[in-house]
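Please see the structure below; I have some questions.
We call the chains A, B, C and D, going by the order they appear; numbering starts again at 1 in every chain.
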Amino acid sequence: MSGDSPAWVNLHELADAAGPKLSAQAAAYFNGGAGDEHTLAANPADWQRLHLWPRTLAPLDGSHTRTMIGPNAVAHPIWLAPVAYQQLAHPEGEVATAMAAAAQSAGMVLSSQSSVAVEDVANAMRTVADPAGDVAPLWFQLYWQPDRALTLNLIQRAEAAGCSALVLTVDAPVHGVRDCERRAGFSLPAGVRAVHLPHGVAQASTLAPLLQAAPTWHDLNWLREHTRLPIWLKGVLHPADAALARTAGMDGLIVSNHGGRTLDTCVSTAWALPRVADAVQGELPLLVDGGIRRGTDVLKAVALGAQGVLIGRPQVHALACGGALGVARMIRLLRDELAVAMALCGCSDLRHANRDLLA
Amino acid sequence: MSGDSPAWVNLHELADAAGPKLSAQAAAYFNGGAGDEHTLAANPADWQRLHLWPRTLAPLDGSHTRTMIGPNAVAHPIWLAPVAYQQLAHPEGEVATAMAAAAQSAGMVLSSQSSVAVEDVANAMRTVADPAGDVAPLWFQLYWQPDRALTLNLIQRAEAAGCSALVLTVDAPVHGVRDCERRAGFSLPAGVRAVHLPHGVAQASTLAPLLQAAPTWHDLNWLREHTRLPIWLKGVLHPADAALARTAGMDGLIVSNHGGRTLDTCVSTAWALPRVADAVQGELPLLVDGGIRRGTDVLKAVALGAQGVLIGRPQVHALACGGALGVARMIRLLRDELAVAMALCGCSDLRHANRDLLA
Amino acid sequence: MSGDSPAWVNLHELADAAGPKLSAQAAAYFNGGAGDEHTLAANPADWQRLHLWPRTLAPLDGSHTRTMIGPNAVAHPIWLAPVAYQQLAHPEGEVATAMAAAAQSAGMVLSSQSSVAVEDVANAMRTVADPAGDVAPLWFQLYWQPDRALTLNLIQRAEAAGCSALVLTVDAPVHGVRDCERRAGFSLPAGVRAVHLPHGVAQASTLAPLLQAAPTWHDLNWLREHTRLPIWLKGVLHPADAALARTAGMDGLIVSNHGGRTLDTCVSTAWALPRVADAVQGELPLLVDGGIRRGTDVLKAVALGAQGVLIGRPQVHALACGGALGVARMIRLLRDELAVAMALCGCSDLRHANRDLLA
Amino acid sequence: MSGDSPAWVNLHELADAAGPKLSAQAAAYFNGGAGDEHTLAANPADWQRLHLWPRTLAPLDGSHTRTMIGPNAVAHPIWLAPVAYQQLAHPEGEVATAMAAAAQSAGMVLSSQSSVAVEDVANAMRTVADPAGDVAPLWFQLYWQPDRALTLNLIQRAEAAGCSALVLTVDAPVHGVRDCERRAGFSLPAGVRAVHLPHGVAQASTLAPLLQAAPTWHDLNWLREHTRLPIWLKGVLHPADAALARTAGMDGLIVSNHGGRTLDTCVSTAWALPRVADAVQGELPLLVDGGIRRGTDVLKAVALGAQGVLIGRPQVHALACGGALGVARMIRLLRDELAVAMALCGCSDLRHANRDLLA
């Protein structure tokens, strides 16, 4: 990466740099939010609005970003969120992203709407050796399918490919009111499709079949019985749902509002995270996504009870700007910012971070 | 409607699209608010500021938007607010609006300042068959008249035309300080007038006669005795007035600040609704209007205790943009957004929506 | 006034219209505030931020704006604040303002820095007959003078001219940090001066003499002994000072921050008024000024415990735009807005207005 | 200073005036903040947001700005913050600043990254006689050095040069995420360097050595034993750290977030000051810096428990605009604003200022 003097020094500049690299339709798809994009804006704003209350003169020798995410010891808590159709951003798509994840020891959650097959993604990760020997887990995200055979097939492919957890998305039984996509007349270009699914994602012309097929708490039993992998639910915002998830034997929760892409004016994830954390009392591991753009945001998320964070849009921006190297640089930059934020807060180990760090 | 690829995908774009379709005077009349338009701005802003706190994995099969408004079982809770002089927006005026309402099973409240006679409006609604067989009620809005004989005549015409309720506006004993109208020098063009009233609406040159003629709680007794129709009061914001309305035998309340057109800096309807709902404790049905622009706003209004909502300015914008088809499309779009919002909140029936949906 | 179709329909437009009528120096003097003009902005903003919570269907027949200000029965509660050097805005200066006040039955507080003699101002008011026979009181504002003989001379002239109260300004022992004046290099043009004072207002080059001459609670005894007129203190914001004023035998208080012209970031008058009102418990009459620009602001001020309001900058803007007719029109417009606001709140008499009107 | 009619009347205009005087790199270095500059913006905003609640008619004769800072009786509480590399702003650098400080009786804290030797700075201060005979203390700021011998050498030089206190910076164990510097590719130009340090400030390429060398509470014992000077800690924001500082025998605290240059989104100093003041209960003297731009800000800081304030960026802006005369004028302007603010609040002595002055 040394040769390219990169034009961006933070994730905001990265988003700007990605602008000219994406087609108008791809930009509408990746960047847009639901409705008037209040939640899209609230996600980053609410992290920024939290104030750090730093401590001084604490011993910092030996500080590190290592932590646990579920049962995984990881080099740092910055993971990649599931993002569909990454070939819209770069010809190598999810393969490039996966190589970056492996190189930076970042866990990756592959979308079931990936434009590259999970087997190829898993292979790509194995080809890249993290110099420090840290493991970068690959998880598989699942949209509940109307057809259980198809769902089962997805699960089995993910297991066979070596994915170490399933992530069931529960906050999108229907497509959000995505005006910018409609305005842009978004459709997938030739050559890009959801390769794990029969015909890409068919947009139902009425809601009724989607509502009929939407997963319920009851369906989790079937899922639990049909995989040996840990199951995380993605899209939980309410403490009552967190409690139900524990009862249903889930292995972890991702506090998420789908990046502000489904229900506009819903609560931000920075607002919801501590409430969900209070509900699970450490009994279920939590991740969070939505609006994380700075190392300080990562530290705040951990202080509020998340084991780690998922990065969505910046992943695509970095992919568009620089392929695998771009994504690797984005992860590294965030991780360095996290290390700086920890030092400036007097925090040498993320496992000691808690709400005392916040004003 | 399929042929016209419409230029707008939400009600904000609809408002923009209506701009060039309206004369400057008509735009000043329909769009303007009182004073510095603080309340005009606060109405939509306060709905948007309420945060939804969605639930996941609830059963959604069989979800629907059907509900009750007073004694009426309706297909959905999105009604049309009384708006005067609709021929300012489209030559067919209230007839076009009524056809759209009937086609979309939306209740319609006809203004007593309608530019089309109530009999013609009622006829238009009857000519349109809702494919689902749902009923679209027609109600008649009443401004109290200095002359009781005239008031009685209006009531009797409304009854004879088949209106199923009267709506007495109580928040406008005098005209608001409508600066934009004064600046535009608004006056009705030739050919548009309030056909139910003797000379259109005469603007008194002093306040005294208006104040003398303003309706009081006492006048409601007379009204109650002179109609067999249910009577709703429109423009109630204070719980104490809600209690008085119950005592006065009213049949329902419309929480409204006249779309921010009368008293500037008065409370927004999103703020007032839960307070009025607390006061009536379900004993009086409530509707609400003012700033509803999204399906999420409709869901929030229902969650806060309204049975339904009234749509004002977007009705005129849609009428200006596309006549009956435009209004029908606007209603449909809002209804679809409502259905999506319900699904994303885990709500399959509006009658289960309550304040738990809000953060 | 009928012939001139006026270009402004509210006080904001009036301020705009006054722009080209004032020299840059006069505009800096009249419009500017202290420091960064936070308080200048907060004064109107804090009135607007208060929300009215209207009542409906109250009897409005016989509504009026009449009220008491101290011992004076007045036609309405809108008075003119003391503003210095009005010949900067119009050649007729305070004489034109006084004629407008008399014509509109508005009390006027003449600045001791008037550019016209108090005798001429008093005469001008007497020449104008209010058609309704209402009295428009003339009060005299006093800046404490280093020389008691001069102070006494001012008092005696005011008494002899027929002023019915003295207003001692207590919030300006030193000149505020008025950057816009300094930037504009403000100085009085030839022909305009404070005619009651020896050499206009000399700007001391150091603070020490001003601080030495600043009035204290102790000086009020002397003042109390040397005039038979009621004494009001202008510039009180703190309840503790209100209590001291009662003990000192003062006759009334004007809650004011000098229009944001002295101490920047001090509390707004809308914020201070209810706290001062709580302290005096009706035992001392209150007026308020600062940022009143709408009839709704006047109603809110009365609801919060003021008997009336003083209008500062709009007085000068109207004077610059239209001389006496301009000022008269400004007062009338505010009074009409007040009457509309009262009707829309269900308030027929200002003496019944209280905090229940506010949300 | 009389000859140059200065272009600026307040510190905001001074900042604007400094723009063209600084190279793009110097401007990035001096003006920039960490991250998205939330804290940079919050520092001044939070002072401005505090509202003064003035008292009237208090005796003001004999008012003055004299106060104590630690054991030092000083003419006023406005001191100069440590700012590195001042030759970037003006060829005379810290010597010019020191002359201004002495002329205006303002204490100065010299940065250990000074571009001029402490001996020369101390000499410059001695050559300037304050006409009033007030003393302007010179303090020496210390960054903890990896090498204790170097630290000791710095301390001994400071002592020998006549510095009367040491200020240990504790909020910057690592460099902040200073994007604007990175974007500008900031590096020191030829001829400007940190003359007290071996090679200027070497930017470590990894964090580990910095973290290893960061000072801890434990290191304070060594420091306490190796100097006879009072030791102040700069960068304390948390009450718990304030308590530890007392236990560690420190002599004073500077509540600071490094001017928003290290940890973005950390608490503002206006927010932290009263909390730290509550913790120390007057047992440790406090100074504060960050965003002080007006005399009213100084008064608020004192009212919240600081003995005085430090001025950072405006010092450099004034130096760039006018050398020693510019800095002197900046201090004088702030001091005059402070005197005006005190008079307008009824405060004749800063030692009587407390939280009653704030709303």
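Heads up, the rule we're going with is that a residue touches a chain if its C-beta (ideal position, glycine included) is under 8 Å from a C-beta of that chain, and two chains touch if they have at least 3 such contacts.
Labels paired with UniProt names: A, B, C, D = Alpha-hydroxy acid oxidase.
Values in this document were obtained by computation on a predicted structure and should not be read as measured data.
A.B. asks: Give me the chains shared as neighbours by chain A (Alpha-hydroxy acid oxidase) and chain D (Alpha-hydroxy acid oxidase).
C.D. replies: none
A.B. asks: Pick same or different for copies chain A (Alpha-hydroxy acid oxidase) and chain B (Alpha-hydroxy acid oxidase), depending on whether their interface residues overlap by over half.
C.D. replies: different
A.B. asks: Rounding to the nearest 5 degrees, give the angle of the rotation that lays the CA atoms of chain B (Alpha-hydroxy acid oxidase) over those of chain C (Alpha-hydroxy acid oxidase).
C.D. replies: The rotation relating chain B (Alpha-hydroxy acid oxidase) to chain C (Alpha-hydroxy acid oxidase) comes to 90 degrees.
A.B. asks: List the centre-to-centre spacing of chain A (Alpha-hydroxy acid oxidase) and chain B (Alpha-hydroxy acid oxidase) in whole Å, with centres computed as mean CA coordinates.
C.D. replies: 43
A.B. asks: Averaging over Cα atoms per chain, report the distance between chain A (Alpha-hydroxy acid oxidase) and chain C (Alpha-hydroxy acid oxidase) in Å.
C.D. replies: 60
A.B. asks: Where does chain B (Alpha-hydroxy acid oxidase) touch two or more other chains at once, residue-wise?
C.D. replies: Not one residue of chain B (Alpha-hydroxy acid oxidase) touches more than one other chain, so the list is empty.
A.B. asks: Can you check the complex and tell me which residues of chain D (Alpha-hydroxy acid oxidase) touch chain A (Alpha-hydroxy acid oxidase)?
C.D. replies: For chain D (Alpha-hydroxy acid oxidase) paired with chain A (Alpha-hydroxy acid oxidase), touching residues are 35-36, 38, 170-177, 179, 182-183, 207, 210-212, 214-220, 233, 235-238, 240-241, 244, 262-267, 271-272.
A.B. asks: Considering only the defined contacts, which chain D (Alpha-hydroxy acid oxidase) positions touch chain C (Alpha-hydroxy acid oxidase) in the complex?
C.D. replies: 9-10, 12-13, 48-63, 294-296, 336-337, 339-341, 343-345, 348, 359
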